[in-house]
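A, B, C and D are the chain letters, set down in written order, and residue numbers restart from 1 in every chain.
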């Protein structure tokens, strides 16, 4: 069954960070529609700084831990704790592993999602990053037995579909939750960054598998 | 020699006031270029309020005194004292007169100009209302012997030419005096309102003569 | 072309704005403020924290100046944790503040009720508790526009922070223990209601773009402190009409009757100055007078802003004897001096 | 279409803005302020004027809030004469203020040096003298951008009003006679220098239009308090660069060397808040430190504005022992409280 080596995963996380930094303006712009317009700034600052401290050779858990440290230590905002817990709880699953296969990957995502829900008390359907994340977890869990390639295809699609589905949702959490009907019609910023992170990670894993 | 009755001049002063109120936006706009953009507001407020308190039947000196009272009492700004003294010193010349002829009119304008210079310490050439007023005084004095119609034609032309000449001047007085060369190329707001007042007054006198 | 148009601001590199502003603030108020901790994000009162006194730590994202660091000083907050623009400080920033003000009597954390602030301050409070320091994490919920009656706990904190911070700071200064400070804070928050209106957008230093669109003749009633949409988009109306609507929102949500006393805060959001704010105060005072409500004291000015947004908010704090005593207690901070 | 676009403001009828704002201000500060005289344009300190004390009357056009009425109160101005927006009060407005504060020891009139203010205050001073009340009419001239060295008397008054008013108010409060108050005022004015920068235009409530044009990437160095053009139009630069230029203008015009002491005022013009102002203060403080000049005290905030203009000014007051004593004296006004 396909898998990738834990060591040397730092480069993948740096790719994720680069994707976030590249999408800074876009993420801020959609946050401006029903939020405070800073999602891209917060994310780019955190991931940009983390990337500077991650080496290509780092293990996945070490790289994730660096992201967590920066988010929780220096960034703050909503994303500090939420993505901080996401990466921290994912790191716990893969810590000490030689190689990471699809079931481990699925378990890792699931732990990350649990972490976000534990601290943020939101649920899928609330129009938040969980609407990209939770479908991706389910897709990973359902496809893990078929191996990594199928899993990654399913995760990408689930994350993007989940992100797109937030357009029609009414926000139940965060700043936008006070808007009721007025929050409908706009894509959620956190779901957008989450899908971006998952898709970029899946692409990077795919490249390492082949 | 042509002349007009002092009593019944209030209507003329109300015409002057109406012209000022009508040109409020324009006067503020040109003041904005090298000043603080309020000349039309100040003038319109003062003349508008004065007009409400002037009856058509008032003597010229009574109507002028009302303008002075409003400008000095309620309006303030630069125009309160400057136009306040202008109208007050003009009123002194015509007070008690039955009829006003061209020489009296010339003496009246001259007294008004003296009043403005006494309080404001400016001179023609400083890019201010005196650049419309002083040429008009000279024109009145030089043409008074020829009678009212010629005098009024000359006064109107002198005031308008004087106003237009301010475009090329460098301001020596008031807010714009700090601008040096940058004050060139813009018509002076006070010269514009002064020409407007003189032309409207001349028109009104002409109408009463005929 | 127009895509290149950025809001003009007097800044250096956008990523340096917070550390540089903190440096400038410390240089401006060396008699009152110092910075403590490795993160350099904890601004601490020189003459505030002391043994046996509850430490009061306020904080939140930047862009709301003078909130939050402007309220640090004797008699008000002992420290502020300063976040990035519109983003809560991190637990580490907050812990730097907490450590600096710990006098053995516990820590009171105060901030506006936003997801990010709640998460970060809650984590700091847990960390304190883990170290054996009693701590309470408290989010101010004064904005009536942000959730209906019955769901008060979900409301945002806006300019009402001003009153709640002042009361908490005075309670701590008066020597009350943590439970006493919590009780006073809770009462102040329960008795505080605000509502705001925005006329224009603000723009973040990083993006330089207005963070929402609003028509040239539109206003947003109930706008949040970060440009979050409010209750409704409407046409520009007179100061009296807008004030009447804001006061209706506030008064519809609190019990206030003849003989009651309030403190009033008419707060500018950034680009709306005292000339306009006094017009709002005029109408608000008349509405209160008509109800027989007495104004104990009014503040009119910029106390909690949204960068350079045009707009204002009105806040009422319903007073009882204890709240009045605490509100009147002296304090000395960069943004508020109450003389003794 | 675009001709219909007016700057949004929270006002009622534009012609009522001043009387209504005064009403709102009195309702906000009934403990400190009252209005006196038939014109209703004289705002008088409740606890200020008294027999034997020189009466201090400040004033000018509106639109500069908190100047001028915000500085009325014990220890600062005894009264302010309030003009229309950007227009000096009239002699009658000023006389209402003078009559209210006359304590038999003479009247000190203070205002920024603009044609309109000079004319109107001079007329009021003459009227006082005609009534046997000694009076001095004094225009503040702190703006170095408005006339070159050697022609200081022609300069405009901008935020330096703040320092000159404070010194004059304290001198009168200290019981000095009119000559003594004049001497302190003159020294404060001689020792005060300011320079400002504008990033955007303001618009008058009556016209609702920006009162000058400025490109989206331009700044006006040396801009006056009413949108009068300054020394040069430049491209937007960093906070550090702009501050360096303003400080160069100021320091090039006053003698300041190692061991000297100053008070600093970093003033926002309306839409520029503390976050940016502290960046300016940071750079200004560093420049002063490099010269060995000590900062005695700094104020950073909105003290003298131009409606909603974006921009700022920097003011230095060079201190000696007497000026320092007067500056530190307590005062209590809506805009400035110095605790005893």
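The rule we apply is simple: a residue touches a chain if its C-beta (ideal position, glycine included) is under 8 Å from a C-beta of that chain, and two chains touch if they have at least 3 such contacts.
Just so it is clear, the model here is predicted, and its values are computed rather than measured.
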> So which chains are sitting against subunit A and subunit B at once?
Replying inline: none
>> If I drop subunit C from the contact graph, what connected components are left?
In response: A | B, D
> At what distance in angstrom does the C-alpha mean of subunit C lie from that of subunit B?
Replying inline: 54
> Roughly how many whole angstrom separate the Cα centroids of subunit A and subunit C?
Replying inline: 32
> Touching two or more other chains, which residues of subunit C qualify?
Replying inline: 85
>> Taking the top-of-page definition of touch, could you list the pairs of chains it picks out?
In response: A-C, B-D, C-D
> Which of the residues in subunit C end up touching subunit A in this complex?
Replying inline: 15, 39, 61, 83-93, 114-116, 119-120, 123, 145-147, 154, 156, 204, 206-207, 209, 211-212, 224, 226-229
>> Please output the residues of subunit A touching subunit C within their complex, sorted ascending.
In response: 25, 28-29, 32-38, 40-42, 45, 71-82, 119-120, 173-179, 182
> Given the complex with subunit C, which residues does subunit D contribute to the contact?
Replying inline: 5-6, 8-13, 17, 20-25, 27-29, 31, 62-63, 65-66, 70, 85, 197, 199-200, 216-217, 219, 236, 238-240, 242, 264, 266, 270-283, 285-286, 295, 297-302, 305, 307-308, 310-312, 330, 332, 334-335, 337-340
